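Just below is one structure, and these are the notes that go with it.
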Amino acid sequence: MNSPFLDNSLFRNIYCYLASGSDDCAARGYDMAILPSGLEWLAFALTAFIIINIVINAGLGAVIVYIWGERRILGRIQNRTGPNRWGPFGTLTSVADAIKTLFKEDIVPDEADRWLFNLAPILMVFPVLMVLSVIPFGVGTFVVDLNVGILFVIAITSMSGISVVLASWASGNRIAIFAGMRSVAMLISYEIPMALSLIGVLMLAGSMSLGAIVDAQDIPFILVQPLGLFVFLLAAQAETSRTPFDLIEAESELAAGYLNDYSSMKFGIFFLAEFLATIVASMLIVTLFLGGWRGWEPIPSQIWFAGKTVLVLLFIMWMRFSWPRLRVDQILALAWKGLFELTLINIFVTAILIAIWPEPSVTELLIMSAINWVVFFISIWAVSKLLRPGDYTAPAPREDRPSYPVATDELPDEVAYTGGATR
Amino acid sequence: MTTQVRTEPITVNLGPQHPSTHGVFRMRVTFDGEEIIDVEPIFGYLHRGSEKLAEERTYVQVVTLTDRMDYVGSMLNNQAYMLAVEKLGNVEPAPRGVWLRMIASELQRIASHLVAVGFLIQDLGAWGTPLIYTMREREKILDLFEMLCGARITNSYLRPGGVFMDAPAEFWPAMNAVLDELPPRIDDLDDLLTDNDIIFSRTKGVSVLTPEQMLDASITGPMLRAAGVDWDLRHRDPYDYYDQVTFERPLHTAGDNFARYWVRVQEMRESIKIIRQCEKLIEPGPVRPEHDDVPWLLRPPIGDAYAAIEHSKGELGFYLVSDGSISPYRCHVRAPSLINLTLLREMLVGELLADMFVSFGSVDINMGEVDR
Amino acid sequence: MIGLGLLKAMRVTLRNALKAPFTIQYPDRKVGIVGAAKEEGKSPIGLVATQPVTAAKAAMSMYSVPVNIPQNRRFRGNEFTWYEDRCTGCASCAKYCPLGIIEIVTSPGGFDVQEGESYAIDVFDIDIGRCMFCGLCVEACPYDALHMGSHFERSKYERDALVIPVDELRQALKEPSSWFRPQFEERDYDPFRDGAEDDHYKVGRHEKPSDETLDERWVEER
């Protein structure tokens, strides 16, 4: 494969600047060497260090800009102005917020399990940063192009569920425990439709590498895989716990869920991970469904990628600020009764189409997309029939309400509890 | 072989500092997983002793206390109190004052319902968007109040026998502009919320109360009408000039959270109709009786009186006992918020944690009135 | 079909997002180059040519213009307007205050424009830290000496500083609100438009409008 993508220009430039001993660098016209020969390992390590720094800092900078943008957009949707006091157009507001968060008192509750309490924020932010390493941001701008990229993404993002459970358990707070229970139920349920929705893309691209998937998109896969995008969009919202799936930190129910006892920069890290996860999710949507960095020529590929990401983020915000939250049982029902079936339909239809056209040309891809859009509307209509809340009739009064003892000041252990003791 | 997993209920104190308790309210809730198995409401955190304070103030000074009971419906509180004072002191109200206070209290009813709907949707987890929309409309009504009486929340507009001052000339065009703007905004609210599948599936069939249950607990207001009981004091026992205006009483049969929300949205439309009729019927004249008839220091004859109005939350009644002096001997408030809360346990037990605050919000309580 | 209502909701939010914001920015408002040029009294091009720094700040939305909140003339503001010449020291206001926050100390030997000989006022303190601005003191004043003010910016760092002493009341800028003063509205006085009213003869109670005048006015308003 002669894709320009396979040449990691970022790494090559820095490495060859430091140590130009290898033939590879010489062939590309690098003849300066800062480090003496024999220290190639040091050059390698330094390059890796620099790139990691670039990626992490770019990620954090993106979060700062994203928070400001989200507050402005929220303001506009709610007919307000949004932050505009501090800096040009209020851009320094989130910087001020970050500084304020840093200087707050760091409180660890007495009841907390100190080790796990401190570990949870780190576990939360680490997988998100790891995912950044496999995303191709443009021609030659990526950290590594894994040939199992999608598997890596799915595997590593599932760790965020663990950190939520850790945080809620370590806080020693009963309200946080609810968030932990919900996160186990929801994050694990949505792993499955999220993974299955990508199988159509894999079949079309014939590879798991994110770079190869971008290469394969002669027309954006949003046309060929509408069902896949639909399910992935909803599942990604759930995985990053945005409205209407934000029941892990549901403000009106659990105050702040698992974040209740976190303060200062630990709280900040959780928030950072959460916003970064949203950005990463939309970057994945761009890479997998919107043609990644591909675009028309004079504009550089990195700009195309960033522009598409912003568009997806805008759509997610719009959705988020328009709808209320679903209940926990409805969210699980949506995952298992709705999205799961949709992904199966998608896999089935795509497999048949691939069997007919094993190496599709652009025309054949367009025919496939027409068929897939028909399938998209029919299947969503059918599934929504299944999930329909039913016509509105006055429900009968509920006679089956259990009578339970009145809560007392005693500890829950001593409450005489008879129903549902075993499961 | 099945594994035996022992589970146990968990008791959580929700409140008084909780973002969704509409004030300082505390619930000691026992959960079985996400399901509520017991609720114990604990209130009194906002108790200010308004009823006792009323005993050492003159009849006019008590108006300022009623403002602060239900602070999203102060005009209605003033109206109920003034009706009781007029009944107690045999005051003949001035017609123009009565029309003005009807207009003011219907405007207040719209504002109060807007707050109720906005916060109910906020409890459902919407990102404040519907709340800000409803608050935006409420602001316009509060501006009208500022024009009318110089304050936005704590109005103190009403006096025994009428209002303290006629509406200024700029009030009428401003009010008409607001009333013209309101119906499309309510339609917007319908588009945004009533047809929304998420809200529909979240509120349908949740916390159902039957008419029998509610009548036993003497629950009134939109909650009762949501279960199909046609009980509206403006229609059943017309006070002021409500017998001269026509309006419909929106009823729903389900008695669940959605029905309570729906009834409130429809009542806003009816209030607009009532204000339009009042504007046609109002006549010039004095807005309060002469000082010789109703002195500032009112001394009603010995006796007692109870007067009730249809507040936006239910039947709001004031019971006043006079010993012939300048201040009431006893002032008791039949607060709809408190009485509508009595069935909280029946509403919540068996529901899920997520629906708890939605049901709580659908009662539309105000802690200032619950604790007084 | 599930989802149509959700799309409808998104349409409503989009329509609102395209509207102008309804926020009143207080105490100042960010303006662009055009607004800044208007504030500086120049044309936009002239502003860019003569004051490039100001123009750049305005372009980055860092130039702010003070904003006056639109108020109505009946607004019950917190600096009380008091005309000593009209006051007889009868202490009706102190008596009718539901919270008892007005302190009056008088001595014989004063002069009043209406009653002639009256009490001299030594202390007239209003503790607005506890005031709830119900305006009953103004309603009770038989000589129209006390009026509600029309402003609201009086926050202080200490509670004691919230007490308005008599000297401050004497020297204050007199911009009375028309709350319970129909004579102000009768002659169309608006403190926000007309500014201070120092003439204590003008603020007195005048003849009430007759029923015929009210009739005519009501017909005109229709």
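Worth a mention:
Labels for the chains are A, B and C, by order of writing; each one numbers its residues from 1.
As a convention for this text, contacts are C-beta pairs under 8 Å (C-beta built on N, C-alpha and C of every residue); 3 or more make two chains touch, one makes a residue touch a chain.
What you see is a predicted model; the values in this text were computed from it and never measured.
Placing every chain at the mean of its C-alpha atoms, the farthest one from chain B is found to be A.
Think of the whole protein's Cα atoms as having one middle point; the chain whose own Cα middle lies nearest to it is B. For the pair chain B and chain C, the distance between C-alpha centroids works out to 29 Å. Centroids built from CA atoms put chain C at 52 Å from chain A. Annotation: 44 Å between the Cα-based centres of chain A and chain B.
Multi-chain contact residues of chain C (touching two or more other chains): 2-3, 6, 9, 12-13, 16, 22. Looking at chain B, one finds that residues 129, 133, 136, 192, 196-198, 200 touch two or more other chains. Within chain A, contacts with two or more other chains are made by residues 77-80, 321-323.
Considering their complex, residues 4-12, 14, 18-20, 28-34, 37-40, 121-129, 132-133, 136, 192, 196-202, 204-205, 208, 210, 213, 228, 253-256, 258, 346, 349-350, 352-357 of chain B touch chain A. Taken in their complex, chain A has these residues touching chain B: 74, 77-80, 174-175, 177-178, 181-182, 243-244, 246-247, 250-255, 320-330, 389, 392-395, 397-398, 401-402, 404-407, 411-413, 415, 417, 419-423. If you check the complex, the residues on chain C that touch chain A are 1-3, 6, 9-10, 12-14, 16-17, 19, 21-23, 25, 30, 60-62.
Residue ranges on chain B touching chain C, taken from their complex, read 57-58, 60-61, 63-65, 67, 129, 133, 136, 139, 143, 146-151, 154, 156, 164-166, 168-169, 172, 188, 191-193, 195-198, 200, 283-285, 296. Of all residues in chain A, those touching chain C in their complex are 73, 75-81, 84-85, 87-90, 318-319, 321-323, 380-381, 384, 387-388.
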